[in-house]
Amino acid sequence: MTALLAERVSKRFGGLTALDAVSLTVEPGEVHGLIGPNGSGKTTLLNLLSGFYQVDEGSVRLDAEDLSGAAVQRRARLGIARTFQKPRLLGSQTVLENAMLGGWRDRSAGLLSTALSLPRVRREQRMLRDRAAELLAGLGLGHALNRRANLLEHAEQRFLEIARALALRPRFILLDEPAGGLTGAEIERLGAVIRTLRDGGIGVLLVEHHTEFVFGISDRVTTLNLGRLLRHGTPQEVRNDPEVIRVYLGA
Amino acid sequence: MLGVIVTGLAIGALYAATALAYNVMYSTSKVLSVTTGHLAMLGGVFGAWFVTALGWPPLLALPAALVVGAFAGWLTDVIAIRRVLKRSDEHLWLLSTLALATIVQQGVGLWWGTEPKPFPRLLPQDFSSGIADQKYWLPIATTVLMALALELFYRRTLYGKLFIAMSEDTFAARARGIETDRIRSTSFAIAGALGALAGFAAGQLTFAFFALGLTLTLNGFIALAVGGLGSNVGALVGGAALGLLNTISANLIGGEYQNTVSVGALMLILLLKPEGIFGARNVRPV
Amino acid sequence: MLGLLATLPWWAGDQYQIHLAALIAVYWILVAGLNLVVGFTGQLSIGHVGLLAIGAYAFAILAGRYEWSPWIALLASGSIGGVCGLLLGLPSLRLPGFYFAMATMAFALIVAEITLALGDLTGGGVGLAVPGFSAPFDSPAGFYLLLLGIAALITWFTWNVARFPWGRALVAIRDNPVAAESVGVPVFRMKLAVFVLSGITAGVAGALFASLQSYITPDTFVFELGLFFFVCIIIGGRSSIVGPLVGTAVLTALPELVAPLAKLGNLFYGVLLLAVVLLVPEGIGRLFEVLLARLRPERAASHVLEPDTERLAAAIRKGRDA
């Protein structure tokens, strides 16, 4: 089984050290929660794993394969998908189009065969459309396939981002505050979705502020503070850790 | 050779002044306006019109040309920027300022004619001074004074400090109750006046010519990008370097390849130092 | 539609109307390719007139001076346009929007400068005579039909690009490059690919344009012509093919049919561009879409977002096994 690893990664912006020698492992089929106060480096770590930032020190690996320095696109092709804190959708495109974009790595037709609309191009389009429609139906967006994405409600946008990430057939999915702005009922449904991903063998990294949600759903939890690893363990261990309580959870 | 250098510096001064005008507008709006060069063109054309056609003395024509420039700058904000910045669409301002620049240039072309017309003498001086002629030192002196005045404005006046606050963080500035719309309009009017001043001062060098706007928009931008976006020192250095490069290369290989040489130099600089010589490097936010 | 256009030579009032239709077809060949760059990928190139000039001069020199077969010269013009597109795109497509627009504008000015300077090759300010094609394409009607055929073929190419996954990703690059990257879309490579394609269509259009005009000088390829192509697309609408096609036809024909507009010339295009950007930034094509949507309003279904986890699990399983 392949794991996604960050090994003693550091990241500096100018004189500011955003992350300092932090290690973290996401196993397939587990939910790994990543929590910490604002500015503790959670999103920076997610960006290092997905390739939007490159490490200054340490390494990012997919088991033995060193991904430090690999572009975002290469990591996506290897099955690392992500969502964004503020949903990044194509507002002028339909829900279905948005989700189909996620299947990019499974189409092989380039400009020339596309311009000639070779049979392969049509086949691939059908394949991506069917996959996206299935995922959207599973996520509860089956009724909105042809709606422009900028007309969706906030929770629907969050779920559409997950659909796009899933269309990539990911081995790992990195969720950046997926519960942000959701109602209690919607968070519950999000939880059901995340459990389904985990049971499907996908490794989930869950960056979240909503600590109750994280402790309730995660198999393991990592806590960061000021760019350093604070505590790492089962939800039970982390939430009872005196240090974590002092700097983050409060008494 | 001295003549080549002086001509280069004079032309460079006009480029630098255009780059300064870019910076003034950019500081409050984060917009690079295609109309920037046209502001200087208006200064030259209206200056020539006031003096030659209306017979006004230069001392009256200059403030009048500045008013025209300031009005054009203000109009740029009202027509092409204000509405567009409210939308999230990123490059709409590029289209709207491009459209406005086309309108200004073609409008002037229809009214003023498409041939360059001579710009009147501003100071009593005969034509025998060679490189000490006013057509060289006027634009150079004007641009240097302009840069100094801007520096004082940013450091010493409340308005200048508001500009800086806005350039650092528009949202925070608005949150603190600064009227960002009004500040931006003011900055565009100031940029318009500065551009017109430069076009007026360099009129004898460039002639009053409707197509000068686009040339200056490009070359002022090259000076800006070479020197570093947002840096006034960079604008001066970039403008001078570009002007010198123009005249020296024209002297060596002929004037037919001016744009080719300028743009080649720009590409080289952007390749070596994408943020320009005096520019600040930005980290990409995700 | 195409059939109707093909019979134009038999019902057109005079030769001039055929010439005008031929001109629209030539412009469209360029605009169709440029549309993928501007309308779909969102790269605001205002200097494609430079590539048009390169194609035109390549054709005039190869078919005229060196007496190549016009067909070979046409292919060569397209290839040269593509190579020049590559050379322009490689350094400039990495630059932010305003920088890119300035680079393409500078490119157009540089091409104008060089065609003027290389007098031995291009005839300098005097210009070059350009040969026509062989029979049956040597008459105005015959040449028009050839242009129509090529324009139809290129329209079909771009229509395919626009509707299949590879081309849909172009829209993603325009609207949200970060999201496109996150699923593996090679943003720069794709921008470059469509830009090279637009260089090829511009080169082909240039060759046909030169042959249609039968004489070219540097003044034929003023910067404002590049602006005109750009305006056709913006007015027609983003991620649309019909919109820019109609835009090209109307904007080419209008000044010819309405005399006062011809006098205003580029001022008219400037006013039009400003009006569209301020009032309907997505182009006039979008206006029709919105009107259509008004006619058949979507049921405002307030839906509860209810995931079907079993179905989701099945979809994920299917993905793992694929």
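Order of writing sets the labels: A, B and C. Residues in every chain begin at 1.
Here is the rule we go by: a residue touches a chain if its C-beta (ideal position, glycine included) is under 8 Å from a C-beta of that chain, and two chains touch if they have at least 3 such contacts.
Please read these numbers as outputs of a predicted model, since none were measured by experiment.
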| item | value |
| --- | --- |
| Chain nearest the overall Cα centroid | C |
| Longest centre-to-centre distance from chain A, chain (CA-based) | B |
| Top-ranked pair of chains - ranking by C-beta pairs in contact | A-C |
| CA centroid of chain A to CA centroid of chain C, Å | 38 |
| Chain centre separation (chain B, chain C; CA means) in Å | 32 |
| Chain A and chain B: spacing of chain centres that average the CA atoms, whole Å | 46 |
| Residue numbers of chain B (touch at least two other chains) | 286 |
| Per-residue multi-chain contacts in chain A, two or more chains | 52, 84 |
| Multi-chain contact sites of chain C, meaning residues that touch two or more partners | 178 |
| Contact footprint of chain C on chain A as seen in their complex | 50, 52, 72-74, 76-77, 81-82, 84, 88-93, 97, 100-107, 109-111, 114-117, 121-122, 124-125, 128, 131, 134-135, 137-141, 143-144, 147, 153, 155-156, 159, 164-169, 186, 189, 192-193, 195-197, 199-202 |
| Residues of chain B touching chain C in the complex | 32, 79-80, 83-84, 87, 89-92, 94-96, 98-103, 106-107, 110, 214, 218, 221-222, 225, 254, 256-260, 262-263, 266-267, 270-271, 286 |
| Contact set on chain C toward chain A in their complex | 157-158, 160-161, 164-169, 171-172, 175-176, 178-186, 193-194, 197, 238-239, 282, 298, 301, 303-309, 311-320, 322 |
| Residues of chain C touching chain B in the complex | 42, 44, 46, 91, 95, 97-99, 101-103, 105-107, 109-110, 113-114, 116-117, 178, 223-224, 227, 234, 264-267, 269-271, 273-274, 277-278, 281 |
